[in-house]
Every structure is written in structure tokens, then in C-alpha cells.
């Protein structure tokens, strides 16, 4: 971390500041220039509050050289993490998983039918929304508790681990048998929820917020990990841009960029990103080519009549085709 | 609402769709063109789920003519709403309030000292953060419960109503004597929290999310109002743009634009928006000139050593000057 | 196109408006609702000026159903266009091309050396910057005219067609033997330049602006095509988002989305988008998987000492590896 | 400027780099840390090409401490600049001007009528578009040369200086008697045009691009000033954000922020920013309160039938009211 001091800072002030840093276990390198004095701080600066520093009158600017995330940082954990999903399945560290299922759980036969169909095509984890975050209070909000029950039944019958979204920390008891808890984009900075999930040891799939940076995504992962739960999976699901033809813009460069910054696994969700079934296939293949550890795809047996987001769901037959091509592309990049 | 049908839709499908709309209490106008058939839906379409409609195979696109928010909509409530804050104070409907106080509550003497000072300069509501949303888990998170206690003491001693932020619905019991509950930008779409606040009758100051549209802000207000709580105050606090010199970009056109769309009061927070004390004065004056119902300003007796966001706090003397100019500008625009 | 009239519009005004539309060759469907009157306009509305309509006092809003671009629109030209580059090479319509070369032309031996090397690895078109758009007037502006001379020499010696950027319409005479003229992102809406290029019959590679939508890109293509030059190639090179780790965000969903909207060929530039050599390979493979008609990659024989953008250039050996994988992925998606 | 070197850089490489910097007239401070070596560069670094430095293999990152703009930088020119418009009028340095007129020049009587009317209400400079940048080639492109003739006539008859937009450097001869040449948002980074304008001594009003930062705006001003023309006026006219109710988002914090960064005058254009006549008044008053040196407002004698952008034009009567309130607010802030 580098702190640039304002012109006119007195020697006394500089000494006080240096002592303050040393009291926090940091080494300080002083560089006195013609116009400005610069302090280089060496050591673990991840716990230094930049805004607090910038508030000091003598400080002109503060710049981090190392990243403010630590548990998620690849520098301190060079090997890829593999998150243990249960049922003998891992995600990350070379273990690729295909997650599939409907946007919303609608009925026992719907979720079971889709589960069996996507399992036959190569999906290894079943997704399905029970609690649905909707912009309007008047839109369908999911089957809620009942939806989780139906997912658990489908899990029992097919043996597939399940993933579903949490929106309220008080619902945690319902998620006891859920294999991966999803945090949605709108809750990425719901810090109280993140802290609560940090106290569990559940795998958490953390979706990037609609207008959040990768650094903010990693800082939110850090909230969970700081509580002791290292089972975090990152998920890129499209960010908000000025483009209106697609619902969001899928940022695939997040895959290699996050790969460099962190040891955590990275999943891509092309269905929510594009909002259109016919764009899911090319984007899923591109995600595989970019090196994602997992791809999460919406599949519905009757997309045209789905209660929610039908426009972006594949049919089981389309999913099967995508799964096969993804497999082939992964072979090409593995060689 | 207008629904454009795809070419090739059969008469039978069209009839079914029309019957479905009629079953939802809507009138339907059919317009058969050379290339496309268009349905115009008349009535209360605010509860129609656009994404569900778009998922139907026969639909090419759906466009709303009226807004999806209803309780917040000026069309159905032509008069400005005034929210009753308590202590004989209203906000909105011609009642202008100046909210001031520190970013974070730090100690009894700090909050009381600032409260007395800003009250003397014309502030009518005291702000202070007890629970602080911070991007990093390692940054100062506020005094939490103790901070609320200190605010309540300051309220008792000065008689000023207080506003402070909630981050967790389970903390609601602590907010019983808080006059205005603030929902921060990162929780604007924490729908479970909004629903819970809708079940209270507390004034809620709802901050616009960093990358959210005014329509989304109004839909979040609608979540609170749909629960029966109409005491919603909207707050613009800067949105995320590509500009990096200022922390965020204060969208002042939100004031006249929201004025047209909704009857709810509108408060501007120039301190968080700019992140720099020296920009707060011009932006506060501009907010007054744009017609805001309230302005919320960070004031600290010792900004250079504030625990958080000191860089954006005014001194009591600077605040006093701003308050006086705001008063004068409000006179000019009222004439 | 749909025009929604304001409540209170008189029958006389409506009749006048209908006559005005009919005078422009459009059919009009009138739909009179309880609150609003809606006009549906049938026919070629691409030449109707929406802003002009919205300026009329009786109009509440105007919504296009069909796109405002016509020559570029797939609806009117269902088959993919293949642009003839010269030298027996086409781009688009099933013809895939790999474009490679340095960011800036620096010397005769540099450009020739790179040209021979990328040609051996499978590149079919040589790129190289002669005129360089730089944010700062103090940064290196390219070899300008001399750079074009050096490119033409490399073309003569290797037989590769060349592509280079134009920044000034008065430079057109220098581009006579250039095979593809590139319009940079910052000039995407330099309408005077586009018009001038529309008067030539040169292949034009039009880069999407940093914060422009796909519709705006297509409207800019329309400027060139409206002048009679249909040889337009679209290029996605990354858009501006809030992400700062990567220079820009490569919008790969632009490939399948543009494929649907237009018949024009689509090229991806992963080098400028990411700004980092180590992200070029995964993004080039992803671009191939998404179905791009061409990929443009920066290659430099000595990236660490390149005069400009060296940080994003591959070495010839790295390029060779990318080219081979791209070939394999194209085989997978072609099956 | 600070350059952070990669771990493993040899002493020989460091010495070479230091010599290279010294050869460019810079002093170098070396700070050797446990993990990293940092070079602090003292002197005029505005002409150092950051991207070139970042391309060097030994460099991890480069951070500017001082700004890359020099002629426009307030640090080197502490006093406000006043640009001489001609006719005894200055803009900036305490000289406030109100610029008004139609979006497009339509006819002799239209432009003369509006000119006389806005002059009577206090406008001091006449605006009017002759060359119009339009997204679609099929939209009205302005009266072009004829429009300039009509403006010059209005100038002769009313004595008002005129401002109009240039889109093509080859049109410069037509602008000889134009008092202020406007560069539109889409041409803000048309560097060849900026260089050409730098060779004149005309006042240039440079509009900020739709998605450009203030730093980029200042770098574009620097292009003009580097050519010897210091008569640059900066103009904020709204930036692109996710908000869709307003056409763009007026960034009023640009006024105090630019005031700090540069000595150049700052004009606000609330008409283009909002795109709605009824938002122009509050935003014009807010601009005055924020301290703008000038405000540019669209006025049309018959907005409902204007050829272009009528929706955002005030009537002369509305303008007169705005002008009076702006005057009063300027008095308040001047006290």
C-alpha cells in the first residue's frame, strides 16, 4: 500500500503516522520527493481501512498494491480449490460440473421430470428456484418452502445434489439438506446474510451483482470465508451494461481473470445473462472454451408455459445437445 | 400494455390469449396488421408479469404503456405525500427538512456534540450510522446496538427525531424508537427486508441502489407499500458511472423526474454521492434548486479523524453556511 | 411502429396525423382505448424520425416494433453476407479469417517478420496500426503515412491482404491499396467519416464504440451502406463497464445476437478488449465457440518492448498455439 | 508517477530503467521493499506514455500521482481562464453567459425570431444547429451550409455572438465568422478534428462524450491546447447511465470537480441531458447553484413542431422565467 502525503505535512505528523502504521505490524518505507512525500507500507495491509486513511487531513491519496482480499487470494493459496458438494461430487480443481434445472420449481412431476431428463443428458447437479427475487411485489415469488420440499424429493429419487437460492437468513433451517446454497446477484452485498452463511459449512454459490466489479465479488466471498466457511463458488451471470437486446452482458473474461486472482471455482450462468434460450448454446460453449469450472443452465420441459423466465429455458433435447458440445470443447482445451 | 404476436399465430391461440387476459379483468383491443397482430390491454395491468407473457411462444414482445408501480404512482395519487416523522415534523408535501449528523456514531459526546451544533444551524433531523455496510469484512462495521443507544440518548437530550440504517430484519426490535429507518443502497433490492418493513408503520428512507433505475427504486418502494406501509421517502445518493474523480455521480434530475412519477417525498444525499467534503456545498445548493424535499448531509466535529468517511464530512461551521444558502435558494424557487 | 396519443387529443388532430403518415406511404391501424388512442403504423418506418414524432404535442410515446436499420437488417436479407477482401479471400458466410499483426507498425523488418510468422501459423490477413488514436496528445501517434507504406511492402512480400485504421477522411487516398479500412471505436459515430466511406467500395471493419449498443453499431453500419457500400464487417472489441481488472469487457453474446439481427460478418478482437496477453487465448477460444466469423489478434515479436499496447500482444509462438485451438473448436461447433 | 517493479527484476534492469527515466529529465526515487521495488518519478511526467511503460516485462503496474493533462491543469494555472468570445463578451473567470436558441436552424424567420426573443430575456449568445449528428442516416441532418448562413444573418441583425457545431474539419472555412465552434459529444475523441481546431484561435466549446470521464474530457481539451489554442470551454451535457426515464444523466458534480482540476470555463447543457422541456428549468437552476460559468438552453418558438428535439425545447416565455431565476440564484451563491 502506498500513501501519498499532502505538501506541507510536518515532520511531526509524518512521524506520528509512521508510528501508527508500525503499531499495526507494518513496515514503512519513506520516500521524500521534491513535491510530495510517499510512504510505502509493507506487510499485511488487507485489514487497513482505506477510507479511514483517506479521511486523514495529511493524506492526498492511498493506493493498494496488493489486493484487500486474503482468504480468497490466489497469492496465498496457489492451488485451485475444489469444493466438496456431497454425494462424491466436487466442483473446481479440475472437477467440472453441469448444473441444470428449471428457473422455478412448479410441481412435483415438473421438477422430477426435468431432473431425470437432464441427468440422462449429463447434468450432475439439479437447480431449481423456490424463493424467487422479483423486481415487482406483484410478480410470482416462488413456491417458497414447498419448493424446497419438492427439490428434496427430486434429490432423493434421482440422487442428484441440489442447489437453490436463499433470500432470508431466517430460512436457513429449511436449507439443511440443500447441497449448495445460492446467493443471488441482488444479495451479493447483503453483508448480514453473508456473515450468517460464513457461520455454516455449506457450499455457497455466490452470484456477482449486476453492477459489481470482480474485486467486490471477491470481497463478498471474503465475508463468507472470514466467518470460517471456505466452500465458496463464484458465479458470473451477466452484468448490467447499456446493451438492451440482451438482458445482461455475460462477462466471460471473468473466468480467466478470476482464475488468476483467486483459487475459488468459477461457474457461468448463460441463461440469466442473456435472457434468451437461443443465445444459451453459443454462450455455454464459449464459457467452456474460456475454462469455466461449471455451467448452470435453465431447462424446462415446457418453456413456453413456464411460470417464470421461460423465455430463457432450453428444452431437455436442446440441453442434451449443449452438454455434448461442451464435453467436446473441454477436450480441446484440455489437450 | 401492448403485446405484439409473432407471425403465424393461429386464430385459436389468439382467442385463448384474449380469454386469459379477460379472465384477469382486462379489456383487449385487437389490431390485425399485414405482418403482425397487436393486442392492446386496457385496465390494471400492474399485476401482469411481463416476463411470464414474454415466455409464451406466440408473443414477440410486450411493452408497458403505464407503469408497473401503483401505490407509488402519481397518476393514482395526484397530491404530494407528506410523511409524518413524529415530533410535529413532516417531510414532503411542502415540508422541507435538513438532515445532518455523522457518518458513524462513535461516542456519546461525539453524537451529542454534533446534534446540538447542527440543530443550532437549522438541521431538524439527526442522522448517524450504527450498523455500517462495508465492502470489506475487515473494515469498521459500526458500533451496532450501542450506536443506536447513543442516538436515542441524543434524541432525548435534543428533541431531534433520528434516522439510522437497518441491515438485518432481525434487528427491527432495536429500531422501535428510531423515527426514520434507512434502507441502504446495497439493500434496495433485499426484497425480504422490504417486505418486513412493509409490515411496520415506520417512516422508511429508501436509498436508490448504485446501478438501479428510478423505476426499480419505485418498484422497491412498492414492496414496502404493498405491505401496507405508505410512509416511504425516496433518496438519491449517487449512482455508479464511469467517472472516477467523484465516488459516485449524483443524479439530480431524479428530483423533477420522480416528482412527476410519484407522490412520495424525495431527499438528496450529496455527501455519499460525491465522497468529498468540498463538493458537498455546491451539490447541496443544486439539490435545493432542483426542488428536493430534504437534504441529508454528513457533519463531523473532527472530520480529519472520523472513523469512517471523514473525507466527505463537513465541519459544523461549514454546515451552518450551507444551511443558510439552502434556505435562500429555497426562497428563490418558491417565489 | 406504435404511436401512443395523449388523452385529450382531438379527432381533427388524429385525422391530420393519420394523413401525414399516409402521405409517407404507411398504413395506419387505429385502436381507441378507454384512456388512450394508439396508432399502429404498417410499412417501411425505418425512415420515420422518432424524435421528431415525440416532439409533437399530441404524442405520448413512440415505440418501434421493427428495427430502424434496413440495409443491415437480416429480415430483408436472410442470407449471411460474405465480404470479398481481395486476393481470393472472403470474410463471412462461412468464410472464417484469422487476422493478426502488431498494434503499431514500427519498422520494415518488424512488420515483415511478424507477417511471415503469423502467416506460417495460419493467419490470413495482416493487421498493423499506422494512425493510432491515443487519449493523450503526448502519447505515440503512430508512424502515420510511413506506417502504411511499410504495411504495403509487407503485403507485397507475403501476399497477405492488410487492414489498418483510418482516422481522417482526408487520408483516404493513402488507403487505396489497403484491403480493409478499419474504423476505430472512438470514430464509430463520426458520421461524416462514415458517409465518406460509404462512397467507396472498400471493405470496412467497423468497431463498436466503447459505450455503444448493438443497435447504434448497426445504425453506423447503415450510414456506410446508405451510401452504397455494402462491404461492412462488424467488430466487437470490448465495451466499457465498471470492471477495472480488465481494460474493457468483451461482449461475446454480441456474436449470436448480431447473427440474428444482421447478415453482416462479425469479427472479435480479444486483444483490445482485455488489454492483457494472458487473457487473449481463452477469449479467442471463447469467440470461436460463440461462432465469430473472424478473430483479430495482436502479435508482436518482442511484446515487452513494443511501442504501444505491448502488454496485450502475443508472441508468434503463443499465436500459433491459439490458432491451432481455434481451428479445433471451429470443428466442434461445425459438426 | 510511481512504477512498481515485478519481483525478480535484476539490478541491471533496474539501473537501465532508471537511466531511461533520467534521460527523459525525471528524478527517480528508489524504494526497495521486502516483496517489491518501487520507483517514484519526480518531474514532468505528463509526456510519459503509461501504456508503453506497462508493456515492459519488468513492470507490474504504473500509477500516476499527478494528472496527465498539463495546459488545462489548474495546478500550473491557478487563476480561472476567461475566454474572449468577441463583441465584448467573455465566458469564465467570473463572466457568466446564457446561451440560447433552437436545436436546429430551420428558416431565416425562425432563427431571427428566436434570437430577438431570447436576447430580450437575457441570453447573450445565440446557439443553433446547422450540421446535426444523428444516429440514423435517415433522420434530418440539418440545413448544413445554409444553416450557417442564416445564423450569420441573425448575428448581424441582433449583434449576438453565435455558436454552432462542426462535424468535419473540411467545413472549417464556413466557420470563419462563427464565434464559438462546438465539438459534439460523439466527436470528443475525434482526435484529428481536435488537432485541426488546435491550429485555429477560435473559442471551442468541447462537449463531454456520453460515456467519457472528466479526465478524458480534459485530455481532449489538451489536444486542442497542445496545438496552441487555449480558448477551450468545457461542456457537460449528460452522460449515459442505466436510467431510461431521462435521456441522459446530467452530472452536475462535474462543475465543482472540474473547477478544482482545471482553469477552463464550464458550461452546462440541461436540454440535451434530460431530453424533456419540463426538466430543463429545475436542472438549469441547479446548474446555476452548482456554480456553472454558463448555461446553454434550447428555445424554440414552436416546440411542438420543431424539426428536431422539440420535446426538449422551452418556449421563449418559459426561457424568460428560467433566465430570471438563474439570475437570482447566482446572486445567492455570489454573496
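Note that the chains take the letters A, B, C and D in the order they are written out, and that residue 1 is the start of every chain.
Definition applied: a residue touches a chain if its C-beta (ideal position, glycine included) is under 8 Å from a C-beta of that chain, and two chains touch if they have at least 3 such contacts.
The chain lineup, named per UniProt: A, B, C, D = 3-deoxy-D-arabinoheptulosonate-7-phosphate synthase.
For clarity, every value in this text was computed on a predicted model and none was experimentally measured.
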Using only Cα atoms to place each chain's centre, name the chain farthest from chain B. C
Separation of mean Cα positions, chain D and chain A [Å, integer]: 40
From the C-alpha centre of chain C to that of chain D, how far is it in Å? 27
Centroid of chain A to centroid of chain C, CA atoms only: how many Å? 32
Per-residue multi-chain contacts in chain D, two or more chains: 211, 240, 242
Among line, ring, star, complete and other, the chain touch graph is complete
Which of the residues in chain D come into contact with chain B in the complex? 211-215, 239, 241-246, 249-257, 260-261, 273-274, 278-279, 282-283, 285-291, 325, 328-329, 332-333
Provide the residue numbers of chain C that touch chain D in the complex, in ascending order. 46-47, 49, 51-52, 54-57, 68, 133-140, 167-170, 186-187, 189-192, 195, 210-211, 216, 219, 222-223, 226, 240, 303-311
Contact residues on chain A for chain D in the complex? 2, 4, 27, 29, 31-36, 38, 40, 42, 61, 63, 65, 211, 240, 242
